[in-house]
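Each of the two complexes below includes chain A, the first together with chain B, the second together with chain C.
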Partner chain A sequence: MGYVRGLRCRACGAEFPAVQLAVCESCFGPLEVTYELSAVRDSFRRADLAERPRDLWRYRELLPVLDESARVDLAVGCTPLRRAADLGEALDVREIWVKDDTVNPTYSFKDRPVAVAVAKAREWDLPAIGCASTGNLAAATAAAAAKAHLPCYVFAPASLEPAKLLVPRIFGATVVPIEGTYDDANRIALLTADRRGWGFVNINLRPYYAEGSKTLLFETWEQLGFELPDVIVVPLGSGLLLTSLEKGFRELRELGEVADPPRLVGTQAAGCAPIVQGFESPDGRPKPVRRPETVAESLAIGDPGSGFEAIQAMRATRGFADAPNDPDILDGVRLLARAEGVFTEPAGGTTVATLRRAREDGRIDRDERVVLLITGSGLKTPAVWRDAFQPLAPVPPNSAAVDAYLGGLHHG
Partner chain B sequence: MVRLVLASPIAVATRGEREIEIEFEGTLRGLFDLVTNRYGKPFQQRIFEGDGALKRFVNVYVNGEDARYLRGLDTPIPRDATVDLLPAIAGG
Partner chain C sequence: MGYVRGLRCRACGAEFPAVQLAVCESCFGPLEVTYELSAVRDSFRRADLAERPRDLWRYRELLPVLDESARVDLAVGCTPLRRAADLGEALDVREIWVKDDTVNPTYSFKDRPVAVAVAKAREWDLPAIGCASTGNLAAATAAAAAKAHLPCYVFAPASLEPAKLLVPRIFGATVVPIEGTYDDANRIALLTADRRGWGFVNINLRPYYAEGSKTLLFETWEQLGFELPDVIVVPLGSGLLLTSLEKGFRELRELGEVADPPRLVGTQAAGCAPIVQGFESPDGRPKPVRRPETVAESLAIGDPGSGFEAIQAMRATRGFADAPNDPDILDGVRLLARAEGVFTEPAGGTTVATLRRAREDGRIDRDERVVLLITGSGLKTPAVWRDAFQPLAPVPPNSAAVDAYLGGLHHG
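Showing the complex of A and B:
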């Protein structure tokens, strides 16, 4: 069973069978999974989708897992698409929707790509899995590995927020805290995966891993009544999420389900914006950042592996790239929390900040229907708020003390 | 001895050899010239563009530092250096 045709290089077009291959054997470029779309068309019908299980496997024809028993069932995906009317009023946008992936099993969108990558690792009977991570992927990989009874190795910068290094250990993973940046952790993870024959989800399982993320686009399409929005604002770390969305669009178009692409708008923090700088340069090549400096540490990838392709996708869809600074990002987190009751990590604040900036200078029109991807929960990153709120002094449990504490303010 | 380490996808350029020890001291460019002498044109064609620049999808690290942040192909290679050639895949 399955509709997978093979792997194709995004750079040189070389084709390969759907085996465990990290990059193109000819030019070392990125690979993507291709499908027999004419066969998919017969079973991927709108009416049938409604009857399917509420997780990412409802789009099974367009996911590269052949053996259903290899799936790890953590109920990933089918997250809410929230109509954000108050945020729309605050930012002067007629229609904003928040795709809320903070409610996935490990509180970020990374559960999606990991679900596919771990299923492939099981199909291929790999002895162990792992990842290089800025935090969210670590939790997602460790949880899926626990459920799959596979050993898991997480390579991450030792300087990550303590909670992000703790969570994978609770799931039983071995954390290797690397002295250095994410890019250092990624380099050594790549060498380790290679030497030991392990499956690292975002390295040597990458073409399959990438497929999970496009379910964000499929769900948005389905939740909007089988329509795509005008604009999707996407946080950029490696750029792979954005290129996966673009691939999902191409597949829906080839199936005859949609016509025009949404404008894909990518956002990074000003303190680590290699893709944004590349978007703005004539050659369209990412400009690597040696020492990222930002509160949005889940996006702090200095040498983004899919940056070039993300820039091409933004240009092709008439989108753009933007890089707000840290104070604007934290304001974005606060605004989303206070307007919509959704607490995002700084990556989500980055999307809000970019929408605000794009309304101010007209890059996004008031009448465009906008979807913000909120890709991770704020509960994982409390440390970024350390300086923003006064410490709380205990109040004696009597009415006079409470009145004094509230200082005559009118509440409620 | 300089130790040259190639990730398995890149090792197609060295007939599958993933760790190569070479008596050498000089620049990165000089090291690659020496490796090209040993493995012939296929190495050169797979690692370099026609204009002599490194291919876009190949990252080179000298003692763990990305050569782009050093002096590129002019980066000095001491006699005990480790040089990694890895595919450019970072992040998820």
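Showing the complex of A and C:
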């Protein structure tokens, strides 16, 4: 029963049953879950959505989890879509919306794919779960594992901001801090998961994991009154978020719910832009980066697993790819905070910076309706502000001292 | 028009119109907002709630903001009420619910009272807003001020965890880091607000500010199918959260919606327990603490403004007050994280620790339905974990090193 048909290779089209499989057995291409869309069509109706639970499972026909009891209930998804009028004015865009995933349970969009992957791990009775992470995924996986009573192993670069390695430990996960980059951590995580039979959410559960992220597209569509925006600006790490959105679009189109795709605009940091460089090259292949250097830690993936497909998706939707530098990224964070009261991690700042640049050179039009995906909270990355916000000298608790302090400020 | 009748002094009963007034002009007692409950009764119907916006304004008849355009739209409230089955098992309580305000826009319940206070400041066209804060309130006020285009001044102890002083600065607020305790910061903030005509949310907008917090009680009631729990465990800083909940209960009772109050159980840290000590003393007056010393920074208020009223409310509802020590508080945080996947700041750990102690000595019964208010996120307080979670030594990215690392662990 259920709506899942199986797995299909994006590269060679080979089909497989919906089992635990990381990549295509014929060509090592990326797999995606397919659905019996005629069955979905019978059950998934706009009018019923209002009655459904306010979490990502409201789109259950298009998520590959059959067994409801396998779900971990952390109230993931259904985050605000905020009309950003002041930001629009600042960037000369008539209509900007901020899809705010900073208020998911562990403060990033990663709670979405993890919800699906951990449910599959429970369906298949795997003995442990884990992930390779630049930080956000570690927190999401560890929280879900705690709630699911599963041991959890997090592989992450040892150099991450300390708070990002603390959170999974609080949730009881075992953190393996790898000497090296994210790509080093990813490679050894893959080996370890294979050897021990563990389910690593973004590795050997990847086709299922990817399905969670497309709920960002479904929610945006629903929150805009069942319309898609003209443009979605998407941070790119591995590229999987963008390809998941594109898959979500295709499903809505096959269901007859929408016609044209939003332009998918990918953004990376200049200090680690393998997908952007690939987008700009004739062969459309990502150009791996050996030593990522950027404040946007959560995007610092030098060898992006879904980079090629992300480039195809951007091209197919008439989008583009862009890579602002670190100062512009941090300016983007501050602008969003001051205009809208939303404090994002640098990855969210890249979307603001890219929109600004695209308005300046005309790649995005003033009249296009734009959605920025704000995928994680700024609370996890305080260290990037060390230079911009130096410690303040204490002020004695009397009026003269306070007046002198306030009078001496440039702002306020 | 509207539902507000005016202000009334909790101490002497004097009545005032609903103007900007910090305390009773006759006796300096605390003021609370009163409503025309017959008018509220005509408009506020359970059946209509499902249709209303999913934020704290769904209870608009019982919030003192007349002008809808004065509201700042940050999507505050309607946070999850999580059934905490595993925590219940660990603490031998049949039914525990966690009211999770860690996923408010700035990650604490303070977004609620600030939403109301800032709307009043806009109604009254005040030139600037601010607060005295132990950290959470600073972030909430600064975010709302940014969205409202109002200058914002945050007075806080200079010794707070650095991340807590960073966040309001990102939002563009002016932080005044006061040499001394929260009580020192509070006193000089009061003076400054008075002299400059600024609206300080928890000082000269306090009666309105207090109204936002009671939405925690309304939501809990609605989420439990229009029933109140038997017990609510409430962190105590100034005591105002607890008195606001009690006021919310009285309003629901006067509307005929509920009969008996929940037992209100207040919890502070042993290192700063002026309200708990007052609860245990015959005169029921808080016993000020000069030098608070606790990891629960957000509760470190030595001279609590609403302490006396909080003690009265706990006594009136057959509740009690308790003050666990820091190790028990941190154990409470870890237990909640590992059982439910929710990472709270230490204030949330005090509620878990108090429930544990109250089960041990029988002050709370196994069969009572208990709600824990988890009022803020653990992401803001990483420094309290410095000793418990030492930095991990990096592991080289090869299988032998990973095997040695995993084999050498006590857990996992």
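Note that the second predicted complex is superposed on the first by the 406 of 412 C-alpha atoms of A that agree within 3 Å, B and C clash if a C-alpha of one lies under 4 Å from a C-alpha of the other, contacts with A are read in each partner's own complex, and residues count from 1 in each chain.
Assume contacts are C-beta pairs under 8 Å (C-beta built on N, C-alpha and C of every residue); 3 or more make two chains touch, one makes a residue touch a chain.
For clarity, every value in this text was computed on a predicted model and none was experimentally measured.
When the two complexes are overlaid on their common chain A, residue A:I203 makes contact with chain B while staying clear of chain C. Note on chain A: of its two partners chain C and chain B, the one contacting more of its residues is C. With both structures placed on the common chain, the touch criterion links A:A14 to neither chain B nor chain C. Touch criterion met: A:R187 reaches chain B and chain C at once. Of the two partner chains placed by the overlay, only chain C lies in contact with A:V395; chain B stays clear of it. Contact with neither chain B nor chain C is seen for A:A70 once the two complexes are overlaid on the shared chain. When the two complexes are overlaid on their common chain A, residue A:L224 makes contact with neither chain B nor chain C. After overlaying the two complexes on the shared chain, residue contacts for A:A158 are found with chain C alone; chain B is out of touch.
When the two complexes are overlaid on their common chain A, residue A:V40 makes contact with neither chain B nor chain C. When both complexes are aligned on chain A by C-alpha atoms, chain A residues 184, 187, 191 touch chain B in the first and chain C in the second. Of all the residues in chain B, the ones that touch chain A in their complex are 5, 7-10, 12, 18, 46, 55-59, 61, 64, 66, 68-69, 84, 86-92. Contacts from chain C toward chain A in the complex involve residues 54, 72-75, 80, 82-83, 86, 100, 103-107, 139, 143-144, 146-147, 149, 151, 153, 158, 162-163, 165-167, 169-172, 174-180, 184-185, 187-188, 191-192, 195, 333-334, 337-343, 377-380, 382, 385, 389, 391-399, 402, 405-406, 409, 411-412. Per the touch definition, chain A reaches chain B in the complex via residues 11, 21-25, 27-30, 110, 113, 131-134, 137, 182-184, 186-187, 190-191, 194, 201-203, 206, 209, 237-240, 285, 288, 290, 301, 303-306, 308.
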